[in-house]
């Protein structure tokens, strides 16, 4: 019998593993290089204060990256993550401050709102068949507008003290928010590697028509992906709420670029069908490292925006090369 | 200008499309190019019109070798073509579409008066009622086809290639087109007429070249000497390699799938047939007969407007493909393996178990790769899928192995009614036979198969009964006597009924 | 960052300051102090000069003016955190959000890094040592009084205010309403137009307002930098001297407006003083020579119980040339009396 | 008669024209100030920049590309033009020309990167947008250039009764664009590539070069929009263009532009801009909460998309 399934894995599991995660190792190497460089230039970079601050903003960047990663899996996109995030935060803030709802219930309500708004996006995209870009561009301004109208853009800043306290908590030199982000990451790994739902989302992203004809309810998979994206955007927003200690209407407005940077740097394909959870985490780490490093090197945060743009261009080129390479590999032509 | 094709060869991963094709197209003649699906016709056309580059052999124009890297080069060398798929710009006017390569300008701006004057001449030849000012998207399919032809004519090249030009135009317009072609031929142009319609080829073409399985069955034979019968047999070929797939006890098998005068949103009217348990029901027809569309309607991928579908004796309406699979255990193997059958980037393991992820997953919806492997590996082994490991991306497999993965998928899904659409298109002969045996084997284990194919030998090998389809309706039903000669004549009879055919096949069913 | 606002008054300040401050004991200190605005805004431009002067006058190792790229609290927080890891050990901050800034301030305090709120206060309970800023309520009240006077005590006025999200805006709205209330009916407030502290929004709203109700309005009170500038420019474009305008801050366009009679006056704030005195006190706190006196003569405001007024005065045609030296004198007084009024020092 | 009515209804912009007329009448009745000369002038003036920005996006949409860098590129050009005039004291025409060149160069970069990587412009322009903003912030450190030459600022606010001079360049651009798309070869090629890329390529149209041309022109128009904005505001603000993204998509889409490319209309896009400006001005007059504009724009896009879907479905069935 020609098929030697089992032997392949035993013979060189390490080789298999290495080949598959070659780009993750590359990414990790770059990150380490930056860390060495920045630390040698500005010792303050690895001070416990900076590491704590770094871990806090990294945690949020990771979850924002996940929020886009889950829709990239279906080959779609979600421009409304910032608006969904701020809606969830303002809703939770309003519940806590005006209605007096205790913190845990307000958090759950915020997450539920995020999932609902994500569902609306997914439902509109599947039902109307219109390009995800337009639906989420329009819904982004709808959600943001609705929130601003209801809240009159007033910050909810007399929140229960636990909110700010949790934001400042320190476990060793890491913020508990980082632990939450890694927990969500673990959940993502379980979703995409160990559940039927995750496989259906990836199949819908890789080839929607073939998936449909194989019995995968593609419409449902896309809607669920957008619900998850909304949920994660709300989670990121609420984590920011802890960090800032106040529910502010300006949350989430600058999430679009980092939300693409982290997954794309990490290897998630823009065309859909492949996600790398660890890649997204490393992608977010690289972006946060560079952000913090530039600040510490007093290059001034004005030039930061330029660097982030160039990095995304580089990541996109890398992605292009990888997917063309993967395409050539999967079509049998020797790369 | 004389165009000759010399020993052209072209192959794709896992299949040789063209194997040493040579014939010559002389000026002042209409040269028919015929052949069954998968005979290599469309690949040859793409080579002649510069879309593909041949692996071996060469094209010569008046003896000089030419090489085309793009359609532009072919046009420059004097070869223009009307392809099957639409190549018009929907929101542009007819006139503009025709002369888009050389829009006349006055003072830097496009002179639309000149555009219409210039473009007017060509559609008028065929259908004067077409106004060059209307936008193409507002035209009927027939009118669009005429504009495509007009566009090719407007290039005034010395060689004009028409791929199934009469597929969607009426008899009256066909006559007008033939008159134009005859006039162009008399002006010394060379015309390559690619068509399935035997009676059209016989009435207008001077010579015919027939392709079969990538090789030339008849090279530039004058139509007068060939005659209808010899053309048909050249197309279908004589080999008697009818693989033995063993007898099946069909007597008294109860019907599993019945269509009672169903009409669909894709254009079927009053289609009825019965598929019995363990039977292979053949559905034969040419391009555009509506067979794939019928399959899509049956599995819930298109709407059934009227009539009844009865599954295992019970009347059903199937809303979606997932429902067809999960609730009715009805599967469909698509003709376009790469785009609709498989997920190329994903490994064999997951491609096989896609339909049953939900079933393998526990209550929490959790699956491990090991669980998938426990289902996929034995199936891949049983179907002898040649691959280094089950983690191999399906895209890296040969056509034959990909089809085996496709079949393994449906075996995993445990469907007992399987619609198979062109199972062995683009697959090498050796693997083809293995797949035929495989289909035979699964029917013996109780699966009923609706086989859609335009590969005559395959149909006669596998099918118990054969329905002949044309223009979205069933034209006849023939018991399969497995005698190749009689069966192929009978089938072609149904397809080409209406012509004054010498060898009128007697009604089938004679022993 | 080259200075943008090279008004005559500005250039004179350092020389005068040096002479007046001669008496302060010049003691070298190795503190690194950072003055951080909420984001880029012309109001804070004088902080850069104030930082340089404070460094020179008080021999401080470093006094730097660092601006977040945008008006976003997380960018301001990120910048402060980064500066801490670069060794800065005292911060003068304009809070991006009155409450949001407290989490960062508490973190600084826990690393015993002193911080002070400058030009705007953080909401109590807060760990900032003190809040040195303009008494916005008083400034808006005096400004509205001046406007009413220039209108002859009667007519309709419109209030052009800054961002709704800025707590100072609410105080200014209340002050305007109080001043109008005291005319018991002679003067009426048509509406507050808020969120005009961005150029494009201001331009669109103020022009639309003038376009629509030019004839029904008699006076404009602007309590934010950018609307004052836009209103001055619009009135000049309209060639309208009937509508009286009292603005805020001393932008060249507003000062020229006063000179040419389009603008009745403007409420000057004292950004230079806030930066200069702020750096001086933070240096003392950072080196531990002094601590803040609990029972000092603090002013109590709705936001904080540790408020110090950095001074405000009305600039009109009369004191157009002398206002900057008046402000200078005011800064000198606050700085020299600060130690014994508000601090216990070793 | 119904034939004529049907034909008008079929026209994309029929719904738009109706909405505009209804809006105008409504506003004129509710607030007397609406029809005053100065208010019309204010509306027309704010119409200029939005129109040019909408045309910039329309051009990339014509070839089925999405351009997210219009605002960022505009901001960069604004501060460069402002800086050249204030810091380097360059004469106005030289600064404007340099600004237009920078805009075209930015667009060219977008086009080349998109064609070279084969990825939709969306991601490329998302990255270049951040790069352009980065350069803008790097140069200005967010501090605007205030001292614009008097003639330049005067042009920004000069008017002849209700007609602002600022409206002249946008009108010229609109006419030129209409002519370019209807009567020039590159213009028709641009629409052809958008309508049916494969057919265009088969007809010998250099697809890649046309996509680069579309991006370059889009960059150029972003620069025009930026220069008009600087003239209107009288100062070169680094934040110019920050809120152009939604606007640049809303107008062409409401004007019936197909996202997949190939179908755009200068007239209906212009009408869509009129409608948007009308709504914004209306809201200021009726003292409606400013945040409603954001909400209404999103709703308008969805409504336009739904209308186009309905019209497409009806056409399919009809």
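Lettered A, B, C and D in written order, each chain numbered from 1.
Just so we're on the same page, contacts are C-beta pairs under 8 Å (C-beta built on N, C-alpha and C of every residue); 3 or more make two chains touch, one makes a residue touch a chain.
Owing to the predicted nature of the structure, the values given are computational and were not obtained by experimental measurement.
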Subunit B and subunit A - chains in contact with each: D
Pair sharing more residue contacts (C-beta pairs) when B-D is set against A-C: A-C
Rounded Å distance, subunit B centre to subunit D centre (Cα mean): 46
Distance from the mean Cα position of subunit C to that of subunit A, given in whole angstrom: 40
Whole-Å gap separating subunit A and subunit D, where each centre is the average of the chain's CA atoms: 31
Centroid distance [mean C-alpha coordinates] between subunit C and subunit B, Å: 78
Interface hub residues of subunit A, defined as touching at least two other chains: 152-153, 302, 304-305
Multi-partner residues of subunit C (each touching 2 or more other chains): 69-70
Where subunit D touches two or more other chains, by residue: 137, 141-142
Touching pairs among all chains present in the structure: A-B, A-C, A-D, B-D, C-D
Subunit D residues within the subunit B interface of the complex: 179, 182-185, 188, 191-192, 195-196, 198-200, 202-205, 262-263
Partner subunit A, residues of subunit D touching it in the complex: 66, 113, 117-119, 122-124, 126-135, 137-138, 141-142, 246, 249, 253, 259-260, 289, 291-299, 301-302, 305-306, 309
Residues of subunit C touching subunit D in the complex: 1, 4, 39-40, 42, 45, 67, 69-70, 191, 195, 198-201, 203-205, 207-214, 233, 237, 252
Subunit A residues touching subunit B - in the complex, by the definition given at the top: 1-6, 8-9, 16, 190, 193-197, 199-200, 202-203, 206-207, 209-217, 273-274, 326-327, 329-333
In the complex with subunit A, residue positions of subunit B that touch it: 13, 299, 301, 320-322, 324-326, 332, 334, 339-346, 350, 354-355, 357-358, 360-361, 364-369, 373, 377, 380-381, 384-391, 393-398, 409, 413
